[in-house]
Amino acid sequence: MEDLRIGILGHRFMGRAHSNGWSQTTKFFDPPYKPVLQVACGRDGEDLQKFADRWGWAEIETDWKRVMERDDIDVIDISLPTFMHAETAIAAAEAGKHIFCEKPICNTSEQARAMQAAAEKAGVVHYVNHNYRRCPAVALAKRMIDDGELGEIYHWRGAYQQSWLVNPDHPLDWKLKKDTAGAGPLWDLGSHAVDLAHYLVGDFANITSQGKQFTEERPLASDPSKTGKVEVECAALMMGEFKNGALATIETTRYATGRRNRHTFEIYGSKGALTWDMEDMNRLKFFDNGSPEHLVGFRDILVTERSHEYANAWWPPGHIIGYEHAFVHACNDFMHAIKEGRTLDPDFAEGIRIIEVLEAALKSMETGARVKL
Amino acid sequence: MEDLRIGILGHRFMGRAHSNGWSQTTKFFDPPYKPVLQVACGRDGEDLQKFADRWGWAEIETDWKRVMERDDIDVIDISLPTFMHAETAIAAAEAGKHIFCEKPICNTSEQARAMQAAAEKAGVVHYVNHNYRRCPAVALAKRMIDDGELGEIYHWRGAYQQSWLVNPDHPLDWKLKKDTAGAGPLWDLGSHAVDLAHYLVGDFANITSQGKQFTEERPLASDPSKTGKVEVECAALMMGEFKNGALATIETTRYATGRRNRHTFEIYGSKGALTWDMEDMNRLKFFDNGSPEHLVGFRDILVTERSHEYANAWWPPGHIIGYEHAFVHACNDFMHAIKEGRTLDPDFAEGIRIIEVLEAALKSMETGARVKL
Amino acid sequence: MEDLRIGILGHRFMGRAHSNGWSQTTKFFDPPYKPVLQVACGRDGEDLQKFADRWGWAEIETDWKRVMERDDIDVIDISLPTFMHAETAIAAAEAGKHIFCEKPICNTSEQARAMQAAAEKAGVVHYVNHNYRRCPAVALAKRMIDDGELGEIYHWRGAYQQSWLVNPDHPLDWKLKKDTAGAGPLWDLGSHAVDLAHYLVGDFANITSQGKQFTEERPLASDPSKTGKVEVECAALMMGEFKNGALATIETTRYATGRRNRHTFEIYGSKGALTWDMEDMNRLKFFDNGSPEHLVGFRDILVTERSHEYANAWWPPGHIIGYEHAFVHACNDFMHAIKEGRTLDPDFAEGIRIIEVLEAALKSMETGARVKL
Amino acid sequence: MEDLRIGILGHRFMGRAHSNGWSQTTKFFDPPYKPVLQVACGRDGEDLQKFADRWGWAEIETDWKRVMERDDIDVIDISLPTFMHAETAIAAAEAGKHIFCEKPICNTSEQARAMQAAAEKAGVVHYVNHNYRRCPAVALAKRMIDDGELGEIYHWRGAYQQSWLVNPDHPLDWKLKKDTAGAGPLWDLGSHAVDLAHYLVGDFANITSQGKQFTEERPLASDPSKTGKVEVECAALMMGEFKNGALATIETTRYATGRRNRHTFEIYGSKGALTWDMEDMNRLKFFDNGSPEHLVGFRDILVTERSHEYANAWWPPGHIIGYEHAFVHACNDFMHAIKEGRTLDPDFAEGIRIIEVLEAALKSMETGARVKL
């Protein structure tokens, strides 16, 4: 089996999740390459070395440009904060590396178009890691919709709710500054929510949005006795219509007390309905409108059967998997895409479409008016 | 105990629910009056007589104006289609009758204001029967919010979803015509949804809305071989901000396959969160953010304890009640309001405020722009 | 419509539930008789009069024997404590009255056989009010099993759990004395649990049981400063095999903290499975083993459709009913049984079979050995 | 960090789960040793080599006795069928190896006692891998009980339900033969169920049991056109009393249609109650009897908070883990036990106590009588 040598940029939360993703592929799947954790790149050399030791990265590097220059690296894994995606991805493309990029693709559609152009020009595989698509239950939802189990779709009712900003002591970190984060939950959570809506229903025809700042000031991380201005919205609502005529609502917030990571959707169609919630990620609820009337009801599908997407690679039916497994699925699928010489969905082109929706929402948030797409 | 003589207008679905409401009050509660089912009024004399016999209405009448003229009637119970509310309510007020009016109050805020003015001028008790307020779980939610259990409220995520129009054979009935229904689910379901949002969070500062017609034509009820145009929206979304700064989304639809009568809300505040669903109406879910971290979680309160609103009147803890019980609570509370010489919430003034929100939504639905309230 | 004149014995919890049952039949159903609430009988004349006034009983009587002597009474409704059932039922039979008897039938199988013999000899309709059979969801379970949806049945996993004795201050009432209650939860709750097992699976071939006294002494109701001995078991477990080969476990207890009235079963068969819980009585969960593998799951049937048992009489789909409705169903079915000249299940013969199971369990509780039936 | 060299016996389902367990410890935890996957042992050389390549076992070996003779092996990981545990474990002990033994400990209490004696004599660390103890939610349950959150415990209602034998075509494998499996679900599933009951409530004072064979013959694995006799029970019920006075029921079965791996318990105590289900393993339901009456309810604790057992090592709150993670916890805890020179619970002594309960149940199954422990 041929080696596929990876250079990873970033070594925090996503660095861990991606490292585990690459490592576990060969244990549970049969990828077409052997992923080699070649070099880990970050600015803090000491922390970086610990990370490399723990996860088995062979080398470390503190200047990401040098990683691009190496001939022995096949894949650049971008696990950096969003505002660093565009520059690094374009450089990787220019260096002829395949690109596994953490979501959201970047902070503006202009950047995203440049990323996509560079990657296409270089002929490399490009992928934006909206990992929720690769939860078995979400992949099953996609299969069911493609199989026509839902018929014509009328409604998407989505939400991505977290609660970590309910705590007034949470400091003013990079996710709360405009230049680093682009926007608030609209970007961070909304990009995931729009990705699933695109994946399962299709593109939007228009979008309307409303945002809100519940907290104006927060303690500085560097000096909690001082405060600074929160520069992004605390919560963002979206409402819109898909090109196929279905309606959508999407709520994104970091102020939903009691919701730690509730990414949820309800889909209603002429023949059936589906609901899902990331906090209970192994289950898909399905209402089959074609059942005899006295037997209709939402059924609770535990998505761990042999015939379920990805499930057969893990454990026998009834044994659930967790959050990090979707990253393993993504890493494995990415290697197959390289082997087959194609991009992997959601690719940078899809990344552009997601950002365009979010930019339309940002615009609507200011004007209060519906924005066509 | 003094008699309270009631004249009811209408004898269909709501006629039954109201008749049962009046009848059961004296069995389970101790109202200050004995409600006497004096006269039932409707146009179809034969059906009406059967209705009167079944429910114990002493007399029948086919001209509602004659009911108003009677001196022996204390209360007019309006269980008619919405477009008939204003005329009958104003006549009732002018005749000095107390008014128990089915929801929504009427089809325009102009009518609503006339109704309220007439009732206030006459000094009669007026009430709009948004019955869900009087489900024990909703009343408990109100108490908890008033007690400060939720702190500052950030989010209202509501929906009122039904599915009866998913069937393409459903005929073009009065609820699908503009002159009789006013609007589609926005009016019928949205008035309930806005009522609960007002009750539990407060008035709106602005509203944005989007509607959709999934089905353009439906079979005529009179001749199913022909079709006619559906004149109202099939589904309506709302998004807005409350005057206290909380955000809201509300979805109303008759195309939510699998949802028969799902009236639901999620409320997130700084200290806690609540969720409720009418299809599981005896339960209120509560997240107490003040619990020790290792014990936090949404708790499933079965609202049948002795100390729960209305519950003590029925059965021992653990024995649930059903849909019609909220009507009994409303009838009982209405009699107390008469005794105490005050209106009963939601009264006609509140009815006006609800209609104003719906009219703003209708306007936004056309323009795509946010409307201030 | 012919009158059916009822005399009720007892006016506490069950007196209320039965009175409501008779009253509501004509509002929501079309019984073959008009039930007339003729006479209410009890020992406490003052309380009894209040009860009669509230529920519309025309007369009161403090000596139950005089009720039996009246020619104008067609039905005796026995809503008394269990230990009074046998004597009153036999007298009613001898007086030629139809008998609507609250559960459990009585305290010994010997009494039960005497009751059944008397009723059969008199040719009257006899019925034991195990009301849970007439919850729509339970009736649907029965239909589904009869339709073969479950195939061969392997397992019954039942429980009837309450929690009112967790409170050490609960006084030593009649339910805790051997001569009045017969036994503890085994009798009170176990009779219901065995009734449903009989109804849905069949008769038992053998039973093993184990009981326990968690609390030895409780305050006297008459003088809480003194305590008396609890004479019945606090909790009782049963385990056994049905004649058709299925296995069963049943737990009955008043010490299940958090369970107010959780009467629940799980049934597993070769083709499907069902679960139900009285605290969520409008729902039946169904696993259809014949679904395509990727779509299998327990479905949540909201038993309020037009085609569901009893449901059509009440409200549109999605509008739930409550605890007392099963009593209305029982009263209505009882009147049909009279009209058709047959007993109503569970009748006294079934009552005997239930008591025989409970007596076997009591015996096993002492010896620790399996008892054949 | 010192190496800890492991030799694993077995390379099927448990071989995978254990290999993953050892591998992931150093990624997510900080064990006191570096586990080295030194040698994998099995009879089928070709399959074994593939397994070793996939999981990184340095060498393979087809004779387990030779593994014992090696000086460079510190730990023997027994991932073999149950009937091979005793011989291999005793040999490992005699060779001075620490023993990580898959559950159940073995097939007879006599064997178990020999295993324990050998391990104690050798002074090695011994552990039986009842992995469910190390699910965060179960570990939290233990902490809560130790903290007194449940008060005096009254009831344990447990079940371990699977459904793979509902299929009549399932062949007669080693789990269905007496000499290899010992017994049916009583052993395989019941050992887990008893382990959790011991862990959370305590030892049993007596046990009563009942078993059943739903299927007498099954196709031979070697030749499906022929059938052979199923030698073990298809389902087993247990009922008993703990030494502390609490009552228990436990159902174990492979015929619970719709349940893939439902290991569940309900615990009721004087101050609170808990429920858990392995198919939803990240959640613990808790009823706090000390809440104000109007706020009581079962709360759904998502056991992913920083302060929850094991959770901090994985992902942020709200990100669930899966089945295999409990094995990682066990491997990590085992290494700490070695470092600290103590056995790890459940150790072989606990393994004996579990087998004694199961043997008592087997005996009761035959006689139908309660068996003291």
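Couple of notes before you dig in:
Per-chain numbering from 1; labels A, B, C and D assigned in written order.
In the analysis below, contacts are C-beta pairs under 8 Å (C-beta built on N, C-alpha and C of every residue); 3 or more make two chains touch, one makes a residue touch a chain.
Because the structure is predicted, anything quoted here is derived from the model rather than measured.
For the pair subunit A and subunit B, chains touching both partners: C, D.
When the interfaces A-D and B-D are ranked by how many C-beta pairs touch across them, A-D comes first. We define each chain's centre as the mean of its Cα atoms; on that basis subunit C and subunit D are separated by 41 Å.
Taking each chain's centre as the mean of its C-alpha atoms, subunit B lies 54 Å from subunit D. Centre-to-centre separation between subunit A and subunit D, using Cα means, comes to 36 Å. Annotation for subunit B: residues touching 2 or more other chains are 259, 296-298, 302.
Those residues of subunit C that touch subunit B in the shared complex are 13, 17, 19-20, 23, 26-27, 54-55, 162, 259-262, 278-282, 302, 304, 314-325. Those residues of subunit C that touch subunit D in the shared complex are 152, 154-155, 157, 159, 161, 163, 166, 206, 208, 210, 212, 214, 234-235, 237, 239-241, 245, 247, 249, 251, 253, 255-259, 266, 268-273, 287, 289, 296-298, 368-370.
On subunit B, the positions that touch subunit D within their shared complex are 140, 143-144, 285-286, 288, 291, 293-302, 305-308.
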